[in-house]
Amino acid sequence: MRKKWLIKGAVLLAGFAMCAGMAWGTEGVRISKETKECLGCHESMPGIVSQWEDSAHWNAGVGCFECHKANKGESDAMDHYGYTVSIIVSPKDCGQCHPRESQEMGASHHAEAGNILNSKDGLLGQTVGGEPAVAVGCRQCHGSIVKTKADGTLDANTWPNTGIGRVNPDGSKGACSACHTRHRFSKEQARKPESCGKCHLGPDHPQKEVYEESKHGILYRAFEDKLNMDKPKWVAGQDYYDAPTCSTCHMSATPDQPVTHDVGTRLSWDLRAPISKRTDNSAKKLADMKDVCSSCHGAPFVDGFYMQLDGFVEFYNNKFAIPAQEIRAKLMDEGVISKQDFDDRIDWIYWELWHHEGRRARHGAAMSGPDYAWWHGIYDVAKHFYTELLPEAREACERAGKPQVYEEIIAKYIDGRPEHQWFTKGFDPKQIENIKEYYQDRYKQEVK
Amino acid sequence: MRKKWLIKGAVLLAGFAMCAGMAWGTEGVRISKETKECLGCHESMPGIVSQWEDSAHWNAGVGCFECHKANKGESDAMDHYGYTVSIIVSPKDCGQCHPRESQEMGASHHAEAGNILNSKDGLLGQTVGGEPAVAVGCRQCHGSIVKTKADGTLDANTWPNTGIGRVNPDGSKGACSACHTRHRFSKEQARKPESCGKCHLGPDHPQKEVYEESKHGILYRAFEDKLNMDKPKWVAGQDYYDAPTCSTCHMSATPDQPVTHDVGTRLSWDLRAPISKRTDNSAKKLADMKDVCSSCHGAPFVDGFYMQLDGFVEFYNNKFAIPAQEIRAKLMDEGVISKQDFDDRIDWIYWELWHHEGRRARHGAAMSGPDYAWWHGIYDVAKHFYTELLPEAREACERAGKPQVYEEIIAKYIDGRPEHQWFTKGFDPKQIENIKEYYQDRYKQEVK
Amino acid sequence: MRKKWLIKGAVLLAGFAMCAGMAWGTEGVRISKETKECLGCHESMPGIVSQWEDSAHWNAGVGCFECHKANKGESDAMDHYGYTVSIIVSPKDCGQCHPRESQEMGASHHAEAGNILNSKDGLLGQTVGGEPAVAVGCRQCHGSIVKTKADGTLDANTWPNTGIGRVNPDGSKGACSACHTRHRFSKEQARKPESCGKCHLGPDHPQKEVYEESKHGILYRAFEDKLNMDKPKWVAGQDYYDAPTCSTCHMSATPDQPVTHDVGTRLSWDLRAPISKRTDNSAKKLADMKDVCSSCHGAPFVDGFYMQLDGFVEFYNNKFAIPAQEIRAKLMDEGVISKQDFDDRIDWIYWELWHHEGRRARHGAAMSGPDYAWWHGIYDVAKHFYTELLPEAREACERAGKPQVYEEIIAKYIDGRPEHQWFTKGFDPKQIENIKEYYQDRYKQEVK
């Protein structure tokens, strides 16, 4: 163990030395002569120069050339007025000074985001959509496989791109500037929920929207200026305590836990999959997340929250996700629908049930956004399960001349189960009577 | 009358004395010894301690023990290291120092929000959805009926919960922390639109979204820092004048009107019901709201606004809401569909027509959000009335072998009415010709 | 040319003299006696008086009377306690001191926004919707044709209204206060993205939402306070460089380009029309926009961005927009559906395909919002093209007894085209196999 640390220390020292070498090669020279020459011409792009001047990089003497210099032979190396440079600064480049961050990012789920092409999403994007839509859509979050042309310039189908799982010409994965937007590379900006919200939003994973409607997001908007977000040391409960951002819970430090750029290390449920399962090593991950919660919440609160969440995820799985998956599988197995994706109406219904609505429900529950847990979530799941999936299954069976398949489905998944009983047996008449009285009282009108 | 005030005065004095007694039992002792002991252990939750230190409560010497202390025998009283405390601080507890606010809240519609269970929403939540979805969804806004266990701890199915209509173990209704988030209990935070937006958002009552797109919300974002939102006295037009928040119009003081925690006292229309009606005592409520408007708007503006709103609500009622309700009722009465909710397709169409789309339209109009009044509102109402409700009625009648029922519906609700005439008689050909010319000119292409 | 400038100079001088005359008629009198008299009574509307006191108008001595005075005989001139005034201050009035801004606005697309009535939108609003919905919906963005009553007061069906294309009683078009909200008339406020977002949002043109999720919007939220938005001179890259707002790209100055109130002068594509075309004089417009981009971005980035955008627009046109339009036209020509709008189901599908979803896709691509380009955009376009438009065309042909029309459609638009091949020929089995492996690996479960 001690040996491991010694090695790590040596790597870090080497990194610092390299950085130092870049910036202060000669005493008193803050900005390298190469960077000065870059700046001479690039004055015509005043914005990025000013951004850099406001960055910690300027302070550290890390300039244009230090990041953009390249070695001849690298596929994206270009000759640029006598210098060999590349446009893309990859995590490998950043890792020269930031080895730990680069390594954590490389090990994270984020780094694999470019693999989206081999998924239903990928099939949709490329086939149902098309390459140009993938270029400006999917890949701007997931990352492109950047292709270079013979002269080192970049193929415009694959760049500009700052997707988090970008596959760079040097083989490294990711884009630090996906969150630390160039050319300020600001900690503060990356800690803001909007930074994560570039990609974590929308119909299929509305984490930004859920956060905004949660108490956490409400408090963030109220006390944003009091969170000391520009402090290098940023420990929850110590350096700030009014509200957490995405970063607080998923990445940042607590009194007992270091910051990490490997997102996902505190997630004990996989809430993205069709059917949710515990993640690998989930007990450790759960403990690490609870450690964050406990900066502001007592144990009964945290435990109560997780009991509600766990119950909700099981409920989603058992009432809707598993039956929906099995019903569709049975329709395929019985030859009622084809085994191909997206060519039967029920394929689309099932897909949005788990990939859009079921995720919204689960993310809403996991991040305390009740409107997403219910209206954008289970309400949509349930509505479409009962009014789309089942009726479409019935019609598909009828069209295929196999009505008995639907009868088997109903017998197995609906009639036998108390949670679905209302669908075939009707509501409890007493409950209906109560409701009518309620409406009469509340709205001064009968609501049939 | 004078006697009443004397009694009120006595109650207030007693309240202050109680508060004072808690905090300054011994001269020079700012924080009670009990609270000091709480703080000794709870240092490990630094966030909430720091929040409290930033609160007016700290300033007033009101600490952990003063709010959380309980009497033995209360159902949520727990023995906690020798002290008798309860986790939940209810409006009854807060009312010891804040009797007026507590009383107003208790009399408000907010306090009744937990009654949602006896409504169509409740039926949906519990039956079509399920208990775990209600716990993390509905109840997080509406409030749970908090259940205690034998040892005074709280049942995790019903807590954590800060829903505005929470039914507390002491029988009081509501949760002050629903808006004044613990442990800062900040006026400023509660006045921000995001605080209301925790619940007043989404497909069925998007007040937050409407506000944000309105001039009021636009100005709020532009001048948020100039609104003196932390001032105890916060009178519209005097202490701030650049923008109103939700609180301004529905709760806060004007030069002639006190602040109230009984929301709803300025609402002259019920815009939630299937068919909108005037509220009880609506003339007084309207006058109170117009008094708020007049801080910044002249009488012609305010009167013009209400003429547009009133016209719009009548239009919604008469063109869509009443016919839709009567058409569905007729289908039930004629035995075309069942009398039960949510088991016929038309039940769902009708439900979203008034509960989602019709509310969006009305809230959009009432709060000056044109995109909600039209695109998310009447556009959806009209589209679904003509392309879902009527076609589904026709098909249901055909399936039931009663096509004459649909003919009667069309004769009564559509053919006889000029506002629906286009549906069966077609558009005015001259208007169509104009449109073609317009598109040719604007888009340089024919738009069929 | 020189003569033209002399004339312009004279006009400007006259304008200034007029303003000066209003304010400083007698030396030492900052606020005119008429305005002082206005203020005497209007103290009861403290909000707008305070707003004005914070405005540049107060500083310039331009008060109530200077803007609201009217000449007898003007249709909205009212006698008001002995003064002749009008409620509406039109761009013509503002143009007395701001001739250039008024003229640019008058020449812009914005000024024509009230013409919406002669469009499908107008048909929808007036017929499918209704007049009261148009008053609180459509017209609040597009502008009403303001009608006056005999006494000069304004018809409440047409006012209050600050729609950008308002047709004023004096015949001028527009409302400066649509963006520069009265009575502050602030540059800073008008430059904020929320100001544009009052109208440029929602299902049919979500520019605000796209901006917010783009890097530009993310940086705006992070560095809003550092943008010097209150500076009269506000040149991109010089006076601010951390983020652009809507105004930056579409209206504001660069080192080489003046500010303009004629929005649209930098737009080289028409992304609103059913099928996108280049705008008139698009090369100049594109060059002007690229000039803005180059404040912060290098040429390879900007050129790459536009290559992706252009490819995307062509793809949208050719894969979906043109075929959808031609398929619907064929159904009309063959007598399968009526030639009227909105009376066949396919009319609604086609309308939302280009007017809502297709715009979302194109705006998402044009402003770097990947979630809009894909999920709210092409995903919806493609889904509805394949699962709504084509199936509905098939059913309509069957209902009309003309199944061969659908066969012709498929032969011409689907089977012959590689981009649609999957729809009739199925997906590549190898791709499907890859996907199954991917899901097995990622989610630890088979995803059929």
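Order as written gives the chain letters A, B and C; numbering starts at 1 within each chain.
In the analysis below, a contact is a pair of C-beta atoms (placed from the backbone, for glycine too) under 8 Å apart; a residue touches a chain by one contact, two chains touch by 3 or more.
In UniProt terms, the chains line up like this: A, B, C = C-type cytochrome.
This one's a predicted model, so the numbers in the text were calculated from it and none came from an experiment.
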Interchain contact steps from chain B to chain C (minimum; 1 if touching): 1
Angular offset of chain A relative to chain B [C-alpha, multiple of 5 degrees]: 120
For chain A paired with chain C, centre-to-centre distance based on mean C-alpha positions, whole Å: 31
Touching two or more other chains - residue numbers and ranges from chain A: none
Chain A to chain B touching residues, read off their complex: 212-215, 217-219, 221-223, 236-238, 241-242, 255, 294-298, 300-301, 303-305, 307-309, 311-312, 314-315, 319, 361, 364-365, 368, 370-371, 373-379, 382-383, 386-387, 419, 422-423, 426-427, 431-432, 434-435, 437-439, 442-445, 447-448
Interface residues, chain A side, partner chain C - complex: 42, 44-48, 50-51, 54, 87, 115, 118-120, 122-125, 127-133, 135-141, 153-154, 156-157, 159-160, 162, 181, 184, 186, 188-189, 192, 194-195, 197-199, 201-204, 270, 272-275, 277, 325, 328-329, 332, 338-343, 345, 348
